[in-house]
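Please find one structure pasted underneath; my questions will follow.
Order as written gives the chain letters A, B and C; numbering starts at 1 within each chain.
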Amino acid sequence: MSTATAVAEPAAPSAAPPENPMSFVEEINHLLYASKGNPINTCIQCGTCSATCPVASGGFMDNSPRRIIALIRAGFKEQVLKANTFWYCASCYQCTVRCPRNIDIAELMYGLKRYTVWKTEHQEGLIGPVFSETFVKMILRTGRSYEPVLAPTYMFTYGLPEMIQEATMGTALMLKGRLPLLPARIKRLDNFKRMIKHIIPLGDKE
Amino acid sequence: MKSYAYFPGCSLEKMAHSYHISALETSRALGVELRELEDWNCCGATAYFHVDELLAYTLCARNLAMAEQQKLPMVAPCSGCYKNMYFTREHLRHDADLAEHINAALAEDNLSFSGESKVHHLIEVFVHDVGLAQVKASVKNPLKGLRVAPYYGCQILRPRKQAKENVEQPTFFEDLVAACGAEPVPYPLRLTCCGGALIITNREAALSMVRNLLESAIQARAAVIVTACPLCQVNLECYQKQVNKEFGTDYKMPVMYFTQLMGLALGIPPKRLGIGSELVAVMPAIREAQEAAPALAAK
Amino acid sequence: MSEAKQLLIIDDDPDFVAGIKSILVKAKYAVDVVHNPKDGLQALKTKNYDLLLLDVMMGRGAEGIMIARKLGKDPKLRKLPVLIITGIREQMAFLFPGQAVHPSFVEVDELVEKPVDPKLLLDKVASLLKTAETRKAKSK
């Protein structure tokens, strides 16, 4: 698929327009209401973000950051949510510091990750959401990160050969004393867990 | 003596243990006291922000509140932790509703955030608080002739903290390397991302980014890359084998922490700096440079 | 007949909001809508509402919880009935399968999950408004 055709496609009519339609760009602006940068409507499509992005310029994103912004503004919600762009963002913030319109593009990428996680609408087969989930669960259980717990994430995406390679490196690091044998735990874990419940309101186990 | 509340972060417990011990050794040698936070928790890395930023702020705020209890500024050696702590403090200081919400949660652990404790990266402490002049004056074993690629990576500099901050042409890392007597080489990709967590979530992209960084350092004829972040170090060093396999290259580039480089210059024995736990040995490059140095000086 | 009851919806999902708003308007309620927590707090400060319909996951995270807690601390707004409408259970299931969601955020509240059945929505709204009326009468 050439990149040009997708942009030229007319907007697929979604459900009948709601009574008071809020465009997708407004929805995204509300999502980023607390962000300091300019709203994305002020984008001039200069392409500095895409040229500066080490992942996009390496050809690894299906849609460049500039294109994602254009798609949002044109209301192509489905295409935006199913793009891999934000899941392949490494959070290096080079786009953010270089944007001549002061748009916080890296924050937009975080926003889109959250949005698709909440609504479970992200592209299938991505490892990013699985990794985030595993990581978050781990910290909420122990308060600290523990690398070996993350290992199963590899298997799903990369398969056995990659897993063995990972294990080989793991063994090399283990021999050098660089991998922990047991997960660390914080001491005041009960307080910590109650603290978390204030933010994400879980009840007690039924 | 200047004291800091020290937040090591999860990587430094094991994966980057050499960064931890070399940070403590160099600090001690330069009259800086690092008091480890007693019951610190993970900063949330990048994963938390994918799910709930309020949760991410809460995790960071707990650590910041503990530093406040000690009445000390916080120092983090990991660039990722540093960025998260720094900006959590900023957000909470400028959003009273947010701070109130998070403080209600912190009360469960008898803590409260006020914003008292500033947040620093460890490299800032040496460059600004100790000062390059004192670093230079403390050097016992100048690393003459050692060609070093100073790798800034991302999150020490970005996102921008002050409007006038020089995020495009910084020089403090080069200056620190020079203060150790080593030779900073012009390293074109010194500000380009190592791929970060993409090494897990998009291996292909990350390996290609790592390759570019290694290639750029070799083009600059660097003998060693020096980093200020455990994730950068692991990506650049531990994945060299995979890079070589993937791209048919033959990189054997040592990648060390700036605290290890400083420690050597300060005359601390390599073992006490955790040198020897790396997958690509550092010492041959150091020795080679030191052996060539007298010859260089004689010329 | 007395004046129409004033309802406020704080929710960032435009399609969902359009749906429930039209149901509520048809049932003769006066409905205001805002799409982020900041505008929500502003609206609550500037106008008196009889009921709040509140989403949970907005903006940076579970910001609906932040609003609910803030209301709980405000002596005037504490009595405002809140109907929490959320897909949070999905979110929770994603993180912690099998765990229950917190039963109550504020003094007077109820929780329904998206998508909401129109009849259930109207029933909940009516019963929350009635409970609030009864309380008010009692306190007088």
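In the analysis below, a residue touches a chain if its C-beta (ideal position, glycine included) is under 8 Å from a C-beta of that chain, and two chains touch if they have at least 3 such contacts.
Just so you know, these numbers come straight off a predicted model, no measurement behind them.
*Asks:* Any chance you could check whether A-C or B-C wins on number of contacting C-beta pairs?
*Replies:* If we tally the contacting C-beta pairs, A-C comes out ahead.
*Asks:* Could you name the chain whose Cα mean is nearest to the mean of all protein Cα atoms here?
*Replies:* So the chain nearest the centre of the shown protein is A.
*Asks:* Averaging over Cα atoms per chain, report the distance between chain A and chain B in Å.
*Replies:* 24
*Asks:* What is the distance, in whole Å, between the centres of chain A and chain C, each centre taken as the mean of its C-alpha atoms?
*Replies:* 29
*Asks:* Can you work out the whole-Å distance between the CA centroids of chain B and chain C?
*Replies:* Here chain B and chain C have centroids separated by 46 Å.
*Asks:* Show the residues in chain B shared as contacts by 2 or more other chains, in ascending order.
*Replies:* 51-55, 101, 104
*Asks:* Which residue numbers or ranges of chain A touch two or more of the other chains?
*Replies:* Residues 34, 114, 117, 133, 136, 198-200 of chain A each touch two or more of the other chains.
*Asks:* Could you check chain C for residues that touch two or more other chains and list them?
*Replies:* Chain C, residues with two or more chain partners: 57, 60-62, 65, 95.
*Asks:* Tell me, which parts of chain B touch chain C in their complex?
*Replies:* 51-55, 97-98, 100-101, 104
*Asks:* What part of chain C is in contact with chain A in the complex they form?
*Replies:* Those in contact with chain A are residues 12-15, 17-19, 21-22, 33, 35-39, 57-62, 65, 87, 90-92, 94-96, 98-103, 105.
*Asks:* Which stretch or stretches of chain A touch chain B in the complex?
*Replies:* Those in contact with chain B are residues 34, 54-55, 58, 60, 87-88, 90-94, 96-97, 104, 106, 110, 113-114, 117, 126-129, 131-133, 135-136, 139, 143-147, 150, 153-154, 158, 162, 165, 169, 172-173, 176-180, 184, 186-188, 191-192, 194-196, 198-200.
*Asks:* Tell me, which parts of chain B touch chain A in their complex?
*Replies:* Result: residues 10-11, 13-17, 38-42, 44-55, 58-59, 62, 91, 95, 101-102, 104-106, 108-110, 154-155, 157-160, 167-168, 191-193, 195-198, 200-206, 208-209, 212, 238-239, 241-242, 277-279 of chain B touch chain A.
*Asks:* Quick one: which bits of chain A touch chain C in the complex? Just the residue numbers, please.
*Replies:* For chain A paired with chain C, touching residues are 15, 18-22, 26-27, 30-34, 114, 117-120, 133, 136-137, 140, 197-206.
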